[in-house]
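The chains carry the letters A, B, C, D and E, assigned in the order they are written, with residues numbered from 1 in each.
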Amino acid sequence: MERIRKRTKSLKRILFAMLVVGILVMSMGISSAKEGVPKYGGTLRLVSWGAAGGFDVVKSRGPFGLGADAGHRVMETLFDRGQNNELIPVLGLSATASADGKTWTIKLRKGVKFHDGTPFNADAVVFHWQRILDPENRLLARIMISPILSVEKTGDYEVQFLLKHAWMPFTAILASSSGFISPIPSPKAVKEGAQNRAPVGTGPFIFKEWKSGDRIVLTKNPDYWQKGKPYLDEVVFLIMPDHESRYNALVSGQADMIITDWPTHVEKLTEEPDFSTYIFNYRSLTAMLLNNTKPPLNDVRVRKAMALAWDQKKYIKVSYKNTTPYIESWLGDVHKSGNTGYLNHDLNKARALMAEYGKPVELEFLHTATARGRVGGAIVQQLMKEIGVKVTPVPLDFSTIMMELFTGQYDMTSWRFWGGSDMGPSSVASFYSKSPLNLSRYSSEEVDKLLIQQRQSTDPGAREKILKTIVQKVNSDAPFIYLAGFRQYLFARKYVKNINKPLPGEEGFSGSQFDMWLDK
Amino acid sequence: MNNSLPARTLEVKNLSVKIHTSHNIIQAVNDVSFNLQEGKTLAIVGESGSGKSILCKSILRLLPKSAVVAKESRILFNGYDDLSLLSQKEFNKIRGRNIAMIFQDPMSSLNPVMKVGKQIAESLLHHMGMNRKQAQKKVIGLMKSMGIAMPEQRFFQYPHQLSGGICQRVAIAIALACNPKLLIADEPTTALDVTVQAEILDLLAFRQSQKRMSMILITHDLGVAIGRADEIAVMYAGKIVEQAPAEELFSNIRMPYTRALMASIPRLDNPPHTTLACIDGQPPNLARPAKGCCFAPRCSRAQDKCIKEEPLLRPGIKKDHVFACWYPIGEAS
Amino acid sequence: MMVFLGKKLFRLIVVILAVTAITFLMVNFLPGDIAITTAGFGASLEDVEAIREDLGLNKNIVLRYTLWLFDAAQGRLGQSFLTDEPVLEAISQRLPVTIELMIISQMFALMLAIPFGIISAYKSGTNIDKTINTLAFSVMSIPTFVMALLLIFAFSLKVNWLPATGYVPFSEGFWLNIKSFLLPGFSIALVEWGYLMRILRSDMISTLQEDYILMAKSKGLPTVYILFKHALRPSCFTLITILGIQVGHLIGGAVIVENIFALPGIGSLLIAAIYGRDYTVVQGCILFITIAYVMINFFVDILYSILDPRIRFQNRT
Amino acid sequence: MAESFHKKIPGISFWFSITWIILVTTIAICADFLPLLEYDHMDWDNPEASPGTCVEKQVNDNNGEQIYQKKIYLLGTDTMGRDIFTRLIFGTRISLTIGLAVPVIGLIFGGIFGMLAGFYRGKIETVMMATMDIILAFPGIVLMLAITFYLGPGIKNLVIALGILVIPAFTRVARANTLKFAQSEFVQAARMMGQKDVGIMIFEILPNILIPMAAYALMLVGYMIMVEGVLSFLGLGVQAPVPSWGGMIADGKEVLDQAPFIALFPSFIMFLTVLSFNLMGDYLRNLVDTKEGQL
Amino acid sequence: MKDMLLSVKNLTVHFNVGRRHKVHAVSNVSFQIQRGETLGLVGESGCGKTTIARAIMQFPKPTSGKIFFQGEDLTCVNNFRLRQLRPQFQMIFQDSVSSLNPRRKIINTIGAPLKIIGKAKKEERIRLALKMADSVGIDPKTCYRRPFQLSGGQCQRVQIARALMADPKLLICDEPVSSLDVSIQAQILNLLETLRKKHGLTMLFISHDLAVVKNVCDSVAVMYLGKLCEQVPSEKLYHGHCHPYTKALLSAIPNTKPRIDPQYPLDKINTGGMSSPMDMTPGLSKGCWYFTRCSRAQDLCVKQEPQLSEIEPGHNVACHFPNN
């Protein structure tokens, strides 16, 4: 069922939200070519996957694809990211750090009102952040922001963040467009308990309705603080879990814009002159998790042999029709320069390792019961057969897979690692031996040490080097197998102008940039 | 036409009907001809499978699709020369209006999900151009004249709420609603109790004499036929084997089959444990008609000629008494 | 009649209780639970346990079912664990979609089945009958999803007459709303009509053999009149029964069509809820689907007695 | 019922159906012995190869010598370069297993339940029909999901779940027919000769309800083959890489534009098979009730 | 004391219709049949003839009353004994085709009683069945066909053969010839007569046709609405009957009397007031049930129910004003 796959994605998206940290690397930027004079009015219909889980950062169990996209149009963050790492003021005007890097003072914009009429000020920001940091509220992502100690009001339009130690990703958190940690909601709506289903913020669009599983409708905010924006009267986010439906919706004119990763559709739509194409480069990858603690996968030879047996290029060709990148490092395609220690497809080596191991290997491969899951299962089975590993694909629903992962009973399963603009925190999460997110239960003292080093490092160059060393080490230990890179595509009708280009590592449209207009 | 002759309501000439089943063809009615005069009753007597029902249904075009009427068949009715030449639409104007029919089982010949009043009114609405109100009034009168008590209530009842006798009265009311010239009664009393049978037959006879209607009475009961008809035709294996006025037939049976039929009826004046005179053997197979006389295999009087040659209907001593037998009773064999 | 109603009501309650209880049991015994689904990563096992406690999943299952039943009886179906949406609201948004799909598809199916059924019964054994039957058997042999794909391919992607997917709410225009249901309705109807037609045909043929049809014919009534006024009504009892069951199943089972055409119906809500182990939503959906099923069959029973006076009068005694 | 058995002469459609069913069944049974390619072998270089593609390939044999291998993809290959023809033939097994096993389950249990309910009436009937009502009212998809989640995926569990779902329909058919015969005079005659209830059910009623039930079962065979397709489409079908027709259609629908044959061949084969079973069922049903309109 | 094979005492059968309604299908009927005698049971449809036959067969068991078969009360014996006794009393049904299992070959149908009794092996069964088939006039070729390939008359012969296979003492014939043609009817009646003599059968012969009954039976019992009106020896039936209902039945038989007078008075046609067992309410049952249709009815008939009383040996009448 298509839905589980999306749920898989959605839940991974929570993970992603938690992992987003921002060192702002090169972005694809906003296209410099002018698209003519903006036109006002019209309804944009955007189709995406998945469901929304609510808009209240505490109550919702994670904003998924569409929900995040819609929510960020309603609620605004303090800052946006620019093309060159710089913070672009939104609700915040400036962010300055103290010399030790432990205190950040943020000046806020004056004269902004929430949709419900209450004013935006330091109280709103402090209320939001204190709520997040309150351990009673059990915010799911709290470990990701654990270096933040407290937020205090230092003026009507000024707040101060106190950190445990100097922490490079802090500004990225402020400007993050994933999850609802950074956008500021109306305290009134939150207190009334309405925020989760009917969000109130300061954004260019006002929430109108949300029909679960069908659509989220937003209308233009006439009192938006950025005069002259937005251009659109209404935005309709349609939820279509089935990729075929999404494709059909675009082609038959039901929607103006879709986001998809389905290779046949990508192939077809890219060739069509009627549509404009944009690529979301997430710098993330799909991998095959191996349970490092369970025999025979606790033997590094078996894991290595399996990694060597995997033919990524062929897989990308068959399963993705080359619409997704080939990767050699979990840092993503951006980091592939230099020696990554990636175990390239080599059957002879793999067979040799298996011979060395000497025992028959039989494994179960858990996959979601979807078309793509089935294809994956078949290919894994086929390739592993070549080195004498007998794999039984087991289709399961996502909940069951999650449970197997949680309890550590699985042999192997496919998984998506979400990238981000900064891979530091995700590295810690994925490979630190005591991390709850270390799903493959990989354990290496050397890597643990390196991970702590990079976290405390304040020099970007040195940090990059440490990360690369970690990549090489992890690649040679093969705690999991890279199946392929991951990439999504946005297709829009030509009359949709000024499409905000996605930033690398960011999911959906970043920040408050949503300045599209329709030229019909 | 010779004016001195009584008017003929119906004239059937050389009627043949074949029924196609998936692996053979049954000659259900074989070259039957007869006349029916105005106001008279013709009884057609025969055992099941003798083709009497098919014969009558073919007059009203009520045959199943598998039945085919031979081309040379002619059915001449009153003003219409040949019924078989009429289109379906034209024929529908005669059906129910000029020729009506009642069926064996009154319970099943009424639509179970339709009020009986409406069922009677239907033909009035259709043929007489009445409106609903007129029709209802007429129907209630009609029901009353059929001897149905409380017609106003009965009008709105469904067939299953009525007894068999009343149902048959309703069926007769339907048939007689438009004052037809000819009524075909297909075993109208077989499904009814003995006591009711007589009443229904009496009712039919009475209405007939009132309206000078002609009637074809189909029955398997020779006794009923002789009591109720002016003329009797005996059918066997799809053919009329003997035809005569009722009194003449009763007193002077010529055909061995008719006599055997008569003899095999248990009689009240027989003593207990009487062995009945019965016709041996099985009825003929109509799919494979025999060459000679169809009754020959079961006939005690049969001779070689009977098996080889088919006897044709011919008059005997009396002109209006015809029979199909080489060696009829009462003639030296 | 009161006894009849009372009996039906009793049966309705028994079925609803049984179905919801079975569902409750079933969903609870599935591997994985809502706590794990919602906890996400970063959550510790204690977090999961805390969520379980929050949601009351630690209590005895019988107690939980009783509590749910008690609440449900008062119209409180709770909120979705996953989206916080009140279950009643979620269902009230989805149910109209499903019902509209059901009505439109069954209307199409009947519009095809009744005339074809009558013609083919009337012409039984002829080439017309054979053609209609071959057609019916052919469409009966095409799975709904293949039919849906074919229809989208033909009417939407090739000629673009009808929208391929998506649901347009009633508020956005009557015609647009109807249009968005045409293709899904047809893909259900096209597969189903053959089945319904075969049923009608078979009953109609036996009705046409009844003496009262001969009687009607002997009255000189036109054929079309006889077919519709005399023959149709007594021939449609099986058709109605099957239709009742079919409609009942469509309410919960039009998942495929809802999925392909992106219709936010109750079927897809239910499936998503099961995958997410969203117990309250599952229970709420099942409750509504069961009630709908039982009610529809109840109406079918009533329809019987309207159509057939024999049943009507039998009930009265 | 009378005259019906010798009245019906099977037509072309009957012979077509029976030939096709025999052919398909034989192939399903003999699939292992046929000179076929491996159904799960992926030819990476030739995905979506069109029907009739002929491939020559250099491979190492066991002794390390290079030999040429020649393969003909009769019906082309699917998106993963697997031979469609081979997969179709192996897929027959899954489709037929489900198509035949499910109605058999329904036939046995539904037959027993329905016969008991129809024969004894009263409380037994009430309880049984209420149970069937509950199963009917239960959304089938929930049961399917629950069983696959709980017992795990696989053809056996699929058959169990579907089997439970079809029991009510069989019970109804069996009950309706039993009711008809339980009051009939030949049953009474048997009873009056001293036959016991069990004997009556087995010797008198069962032979008579078997044909209408078998007719229904045959209709259901076709339906179940379709249901397997639907479930594969929903991802609840059999495990990869075992081919099933429904799964093949689901895989092929993605490339309906570029390589329509991938979905088309299994669709067509499924269509023919379902049609054959339907026609067979219809033929059998016609044996039971021959009717001809007289209007 | 005469040798009574069957003795029915105060037999009453009620059927429940709906929740509250009861139909008195048979009320308080008593009669006896001597060994070797044939009793005819006549009446209109719905008068309870068949119900009596079935009550004797214990299918269903009567509501009250006793049925002594060879001195044993069938209503009291347990099921096991009843099954043992069953072969000794057999029944022939009206609809001969539907009383034969359509899926079974004739030979097996005839042999079925032996199989149930478990007496003979298969070869033996077939041999005996063929022999029996021959004695009822079915040729061996027909034995390997199925019922729908046979004519009604042949099916009736099969039924008779099947019943006789059990070697019964008592044969109950429920309208065995009413659905048959006249010529076949005569054949079957003759066959029954022959077999009766050959096997020394005692018979209860049910029919609506007085003429048939009179030809077959030693004694005729006339029923009306579940009650016995008159039981009269056959030879006396025509001229010696006493009950007005018997008279009505006899006079209704169509015979060769002349055509009806055209001035037939309309008001005489009245079956609208005819009672059916469904209409009978307990209050009405006080008087004579034939009251509504009786031409001889007087006040007494409304008030008091006439009892069946013997006016001559073998001739019982239940009427306050019997003629003669």
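As a working rule, contacts are C-beta pairs under 8 Å (C-beta built on N, C-alpha and C of every residue); 3 or more make two chains touch, one makes a residue touch a chain.
The structure presented is a predicted model; accordingly, all values stated were derived computationally and were not measured.
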Touching both chain C and chain E (chains): B, D
Central subunit by CA centre of mass proxy: C
Reference chain B; chain at largest CA-centroid distance: A
Far-end chain from chain E, centres as C-alpha averages: A
Comparison of A-C and D-E by number of C-beta pairs in contact, larger one: A-C
Euclidean distance of C-alpha centroids - chain C vs chain D, Å: 23
Distance from the mean Cα position of chain C to that of chain B, given in whole angstrom: 53
Inter-chain centre distance, chain A versus chain E - centres from mean C-alpha coordinates, in Å: 89
Centroid spacing, where centroids are CA-atom means, of chain B and chain E in whole angstrom: 31
For chain A, residues contacting two or more additional chains: 1-2, 4, 244, 397, 399-400
Sequence positions of chain D contacting 2 or more other chains: 6, 145, 149, 234, 253, 292-294
Multi-chain contact sites of chain E, meaning residues that touch two or more partners: none
Contact footprint of chain D on chain E as seen in their complex: 57, 59, 82-84, 86-87, 90-91, 93, 95, 97-104, 112-113, 116-117, 146-149, 159, 162, 166
Contact set on chain C toward chain A in their complex: 30-33, 36-45, 47-48, 50, 80, 82-85, 90, 93-94, 152, 156-157, 160, 163-167, 259-262, 264, 268-269, 271-272, 275-277
Touching residues on chain B, where the partner in the complex is chain E: 47-48, 145, 147-150, 163, 165-166, 193-199, 201-203, 205-206, 209-210, 220-224, 226-228, 250, 260-261, 264-280, 282-283
Contact set on chain E toward chain B in their complex: 44-45, 151, 153, 181-187, 189-190, 193, 208-212, 214-218, 234-235, 237-238, 248-250, 252-260, 262, 264, 266, 269-274, 276
Chain D-facing residues of chain C, complex: 11, 14-15, 18-19, 22-23, 26-27, 29-31, 121-125, 134, 137-138, 140-146, 149, 153, 198, 202, 204-206, 208-209, 213-214, 217, 223, 226-227, 231, 245, 248-249, 252-253, 255-256, 259, 267, 270-271, 274-275, 282, 286, 289-290, 293-294
